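Naming follows writing order (A, B, C and D), and every chain is counted from residue 1.
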Amino acid sequence: MTFVTDMLATVSRRSRELIGWKPAELQPRRAADVVALARALLSRRGEASGTALARDILDGYATLDAEQRVAVLRDFAEVFGADRAKLEAAITAYQADPTPAAAASLHAAAEPRRQELIRRLNLAPRGTAALVRMRDDLLAALPAHADLKVLDDDLVHLFSSWFNRGFLVVKRIDWSTPANILEKIIRYEAVHEIRDWDDLRRRLEPEDRRCYAFFHPRLDDEPLIFVEVALTAEIPAAIGPLIAEGGTPLAADDARVAVFYSISNCQTGLAGISFGSLLIKQVVEELKRELPKLTTFVTLSPVPGFAKWLAKERRTETGFLLEEERDLLNALDEPDWRADRARVTKVDRLLARCAARYFLTAKTTGNRPLDPVARFHLGNGARLERINAGADLSEAGLAQSHGVMVNYLYDLGRIEENHEAYAERREIVASPPVRKLAEARA
Amino acid sequence: MTFVTDMLATVSRRSRELIGWKPAELQPRRAADVVALARALLSRRGEASGTALARDILDGYATLDAEQRVAVLRDFAEVFGADRAKLEAAITAYQADPTPAAAASLHAAAEPRRQELIRRLNLAPRGTAALVRMRDDLLAALPAHADLKVLDDDLVHLFSSWFNRGFLVVKRIDWSTPANILEKIIRYEAVHEIRDWDDLRRRLEPEDRRCYAFFHPRLDDEPLIFVEVALTAEIPAAIGPLIAEGGTPLAADDARVAVFYSISNCQTGLAGISFGSLLIKQVVEELKRELPKLTTFVTLSPVPGFAKWLAKERRTETGFLLEEERDLLNALDEPDWRADRARVTKVDRLLARCAARYFLTAKTTGNRPLDPVARFHLGNGARLERINAGADLSEAGLAQSHGVMVNYLYDLGRIEENHEAYAERREIVASPPVRKLAEARA
Amino acid sequence: MTFVTDMLATVSRRSRELIGWKPAELQPRRAADVVALARALLSRRGEASGTALARDILDGYATLDAEQRVAVLRDFAEVFGADRAKLEAAITAYQADPTPAAAASLHAAAEPRRQELIRRLNLAPRGTAALVRMRDDLLAALPAHADLKVLDDDLVHLFSSWFNRGFLVVKRIDWSTPANILEKIIRYEAVHEIRDWDDLRRRLEPEDRRCYAFFHPRLDDEPLIFVEVALTAEIPAAIGPLIAEGGTPLAADDARVAVFYSISNCQTGLAGISFGSLLIKQVVEELKRELPKLTTFVTLSPVPGFAKWLAKERRTETGFLLEEERDLLNALDEPDWRADRARVTKVDRLLARCAARYFLTAKTTGNRPLDPVARFHLGNGARLERINAGADLSEAGLAQSHGVMVNYLYDLGRIEENHEAYAERREIVASPPVRKLAEARA
Amino acid sequence: MTFVTDMLATVSRRSRELIGWKPAELQPRRAADVVALARALLSRRGEASGTALARDILDGYATLDAEQRVAVLRDFAEVFGADRAKLEAAITAYQADPTPAAAASLHAAAEPRRQELIRRLNLAPRGTAALVRMRDDLLAALPAHADLKVLDDDLVHLFSSWFNRGFLVVKRIDWSTPANILEKIIRYEAVHEIRDWDDLRRRLEPEDRRCYAFFHPRLDDEPLIFVEVALTAEIPAAIGPLIAEGGTPLAADDARVAVFYSISNCQTGLAGISFGSLLIKQVVEELKRELPKLTTFVTLSPVPGFAKWLAKERRTETGFLLEEERDLLNALDEPDWRADRARVTKVDRLLARCAARYFLTAKTTGNRPLDPVARFHLGNGARLERINAGADLSEAGLAQSHGVMVNYLYDLGRIEENHEAYAERREIVASPPVRKLAEARA
């Protein structure tokens, strides 16, 4: 150990020399120091000190406060673009003789030096994790600093390569999983909060529960994304019973349906690097292998954009809602509207119809479904299978979707076809009942 | 399992549809089919069938004969360059307003579509291994087909990212290592042949022997590079005793020197993606931790270019060799010149002097040492420590270097400094005795 | 799985046939059924159905209520003794010709059939765990049923063989240990309660904390015993600071002392099968290997019998306590006696002296120390190193020992010598200060 | 490490002191020394030095030559019997009042001290392995030294407890198994020799080959027994094709039959401690799980006693052989009798009939089948399924059984029934064709 420490101490001294630190200073204290070190890291022809310099930069960055970090990131974005002289020479050469080799040289000349910087930073011990955290900072600052966009693109480009799905490993999470990983499952669960270790155990230990996560070899003990699964006899129409305390678990052998009721990303720094689709497919295969009697793989998913969209529709007199429907929906404005059971039945029936229409007609400017969860699952090749009104009576559920949840069906024989219909023809793949519902009149 | 098989069968059918195969044909049989599939893989907006298509392409490629493979590779190089129209538009845009974002767009537009193709192929199960074998084919064809160079550059660019040292795992190889890995050690040993399992065991089992290899998580059971180590009391001057049968092993606790006597790359498809330097440093650290009494880390290395260089010097009358030296070296032309022990002493002394001069003065056009092994170790920050004449009396050793071998010293406190001297000032870092030897006169 | 289930179902049918169950009955319901099955298990010459029968017996036993279980155990004790006729024949044969072989035959004939029964029950899946639980029941019933003693002896005899220390595996418990094991650590901690998962983490995660447990290969995921360790700079004189929340952990490298502050047995069914001594020695070796700078290995132990003993001494006018000492100790009868700081100092000084005397003079009828914790550590070869008054101010600590705790020192070079002094000469090995304290006068 | 070494050195000194060695002597050199140490080990009340003493005894024993070892073993057998005085007192007590407790005391008093000695020796590091080797020596000496029988009984008694099947772990052996284990498979294969690593690989790597072994947690890396399996389409009638080089392996999915063609015990010191039956059952279950299409589990087994039995029958004029059969069998006396193909057909037909009769009628004095392999498989509940003449044309095969081999069928639904028929009624369970063959006349 001392040996390693000595080597590191040596190199840190070198880092300090490189940018003119005084011996007494052990940590970079200013954004400018970090940028100066980054410049040194890029300038050195060799690699012998690269790893140590990279570590010094990332450690130095970590000691900075939020404002200084943004300053560093903006400097990275600005300072380490492509070398303009080289780029222009490459353009000239390409225009003179547009061979494949000239195009390749142009590509190389146009590569922002940021990418090489990121690659070199990645060589530091735990460098990948530090870069993921750095992107976390960047995403927070991006709305206010559009100039960071180019750096974000570089990070996304390289993360896509490093988090290539071939490197991801799916592992089952259960009650015999190490505690340091389980505490992250508690922390990262984003859909249906896990209150404590007992609540966690209820999601993992019963024989009708499963949980799977993706891991990456360079991010030890850090799940990237995880999915919670309930095994049931029928496609479930509500979330409450699935996550309630108590009750007798279903014998795994009696299960016919696997319900993906919660999918949580763990690393905000990896936003936009998608592996959710792959995880679902791998888990489906894993479950089929273990429990051949399973026939149906569905989600029980929230509908985050529905209430907002419906509010707008209710205000639009020329919309699809009839006058009496509009009246009925006024119930939603009452704080405790679900107390009147008779009316609830009617309202829920109408909400289901509205939701069907929401999925099939509400689109983004890019002609995609407005609902982000729908975009995710339809993009993965799932089919919108069933709409369940009164499915999520939690405060959040009522607020975002008046209690509506939906099932997306993963039929592996149809995934590709569905995906193509969606990706190439912007088609919303929905079951006949959903389709009929969307067309129904009161 | 049947489930997976069905899904794959389905997708293969799709692949066949995509390029108009007849149902009865289960394998692509022509280079053109493979290229057509690659085109389909790149053209599809979505990814649902990507993994299966990628697998079909790689499997199809593997069924082709050598000539057809070269045809595929040349097509890849030619067909999947950057999109010229897009590239030219990006040039125009950049020239109009050379912002960082415009440079980034230009970089994206200049990226050969080959890179995206390779990335998508990598998604196939065992895709990375198949791509490494593909580069193996490419390197064999490259001398005759310069147009493949652009494709090679793309592979090197992506391999450098995927085989990033952060992903590499060092593992000790010993007699309890799985047999399927050990057989690869036997097969890949490139410096001092391992004859059979008994010979292998002699290199692994005694307590004064160590072996370490690098592995990559996506290339299961495939060592990338390995190093064999002998623990000794002194820096060794000859290879024979190190790899001889029999003899009592040194107690590990009595060892003071670790000798790296064989470093073998295992994957020709990864030529030029360097991890040798890193392996040595990690092994040094590992050994220091395990055996704190070790003080010295050296190689015992061949000198592959020496005999050829010396032959030329002997023909050069105006060179550094004196007349009587030239006469003495005529001994080398006799088949059994080492039989005359008295003369051998004189010749070996002269050979050592010549070798010192070879290392310090013989340079490539790029002002690097002519000797490739020297380039590797000096580039890693080692120092040329000692020249040993009569060190390798095997047929190969006599042929390539008249029996001369050398020790390179890895002094971790000096590695960076040495590396810099070499990388930036082209300095040959050598010990004072070697330096003195090079200047000595008869 | 179905295959296994079928096989098991078949055998259960056989079990039912063997003792005349009706087909509809799936579980034995009476103690007599279980005993009848046990008789069948012992009577069958073969083993083919043995495993399944054994499982049926243990499962059947588990379904019984407490009273029925005791009935089963008493039947086992009574019914499955040695075969009297055989035994008497063996006695006669031995008396006629007392050869070693005749003695061996006598030994075999005298073996209670209970032992063979237990060995066969152990063949059931999870049989060992079920037998350990059965002994748990037995120990609870033993005080009221002296006839169970012979069965207990048999279990102890066989457990001693099966839990032979050669089979035990020591594992470090830390924050990356599976949760199903950690929850058992929380449950079994017997000395200083672990309140919840956060409290557990404070005992495992800081770098100055360690925890080790023994496991047995047939009792998966079930710790047998564990020890909690704190690394400190000095021998600690009080438990409070060791288990308090917050505080900066000591760097492991700065530690010189390892403190065993809690040792908990997990399986009451293994009471009397001692492995605590072995665990401490193995942990000492483990720690020495990892942290060579550790020089001192001590416990911080409770003194459970002290308060009771002292109460008696205080009532004994002719004892060693002087009149004024007796008066001073009256403070202990006040509920909040530690509030008066000045007096506390005096009382604590006196308590330390009394404790020293307690350890060195209070003996069982077998001339062992009265204190059970002292018996454990002195029996392991430790030395009574230091007495710490005011060391445990918890309610329990004040109740059992007026706050006194002690350090036992494990000096591996002296362990054997100490052990011998204790085991063979009944000597209480104590440090000179403790010895002096015991002899001191006020 | 030094710490441990020091501790051990100390204890060894103690061992030497205990029996009066001079300091310079580091190893016991005489049988008497070992026995003296054993006496010390048993006499010490405590255990602190037990482990070290046990190690010294086992190490000392290992340094002795064969003759001295036998002397030690005979001393163990003689010296460490039951304490006669105690035994006689226990007899008297039992006769006075024959309670269960008195019987238990008698049992304890009759236990030979050898058993306690063996238990204490087992505490040494690697003690179990050393004791297994010790029994190896004992078994070799037993025929000449009947007085060792009592010691053997003690070892068997304790080994049966320690190698309790609950402790055994089945592991698949394949080409990714560590080399140090594979070399033991090569060494221990007792039925069909494995010539070298290539031959081994042919038995492990093809997808229609399996190999499983039992391991014990205290005998690391030492297989206890292993079985080699071939997956086939039909029940095989000859061994040659199964172990031949080359040939295309059957797809595992097309296999219907699993053939156990070689079962080898690895530890002669465990002779008589049976786990073969258990291994076969576990492997059947494992294979069923992995390959549900397997329907038939058979052996292809040698018939070691057949040729010898037949020779005797041929000499018995009043036996079951007819005159012309006797004449035909004279062919067997010709060195190359299988050259005459026409006659071979007739001879083989007759041999099959003779073999059927051999299995069904040739019995030991205990009314068991004469054939030891038959005893093993019938005892496990298998059925003699088919007789294959001309099945093993190797020299050994012709010598022991004139080429005859048989299949035993493991039908898990029948195992128990078959076992009972065999174990309780001495019935030879055979298929109808074998039964008919035995009754057939020429």
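Criterion: a residue touches a chain if its C-beta (ideal position, glycine included) is under 8 Å from a C-beta of that chain, and two chains touch if they have at least 3 such contacts.
Here's who's who by UniProt: A, B, C, D = MCD, Malonyl-CoA decarboxylase MCD.
Every value quoted in this text rests on a predicted model; they were computed, and no experiment measured them.
K.L.:
If you take the mean of the Cα atoms for each chain, which one ends up farthest from chain C?
P.N.:
Most distant chain from chain C: B.
K.L.:
Give, as an integer number of Å, the spacing between the C-alpha centres of chain C and chain A.
P.N.:
Measuring from centre to centre gives 50 Å for this pair.
K.L.:
Express in whole angstrom the distance between the two chain centres, defined as the mean CA positions of chain A and chain D.
P.N.:
58
K.L.:
Centre to centre, by mean C-alpha position, how many angstrom separate chain A and chain B?
P.N.:
The separation of the two C-alpha centroids amounts to 38 Å.
K.L.:
Tell me the shape of the graph of touching chains, choosing from line, ring, star, complete and other.
P.N.:
Its topology is that of a ring.
K.L.:
Each pair of chains that touch: what are they?
P.N.:
Touching chain pairs, listed by label, are A-B, A-C, B-D, C-D.
K.L.:
Inside the complex, what are the residues of chain A that reach chain C?
P.N.:
Touch list, chain A to chain C: 175-182, 196-197, 201, 221.
K.L.:
Spell out the part of chain B that touches chain A in their complex, as residue ranges.
P.N.:
Touch list, chain B to chain A: 1, 3-4, 6-7, 10-11, 14, 45-49, 77-78, 81-82, 84, 87, 91, 94-95, 98, 100-101, 103-104, 106-107, 110-112, 119, 122-123, 127-128, 147, 149-150, 153-154, 158, 161-162, 164-167, 169, 217-218, 277, 285, 288-289, 380-381, 412-413, 415-416, 419-420, 423-424.
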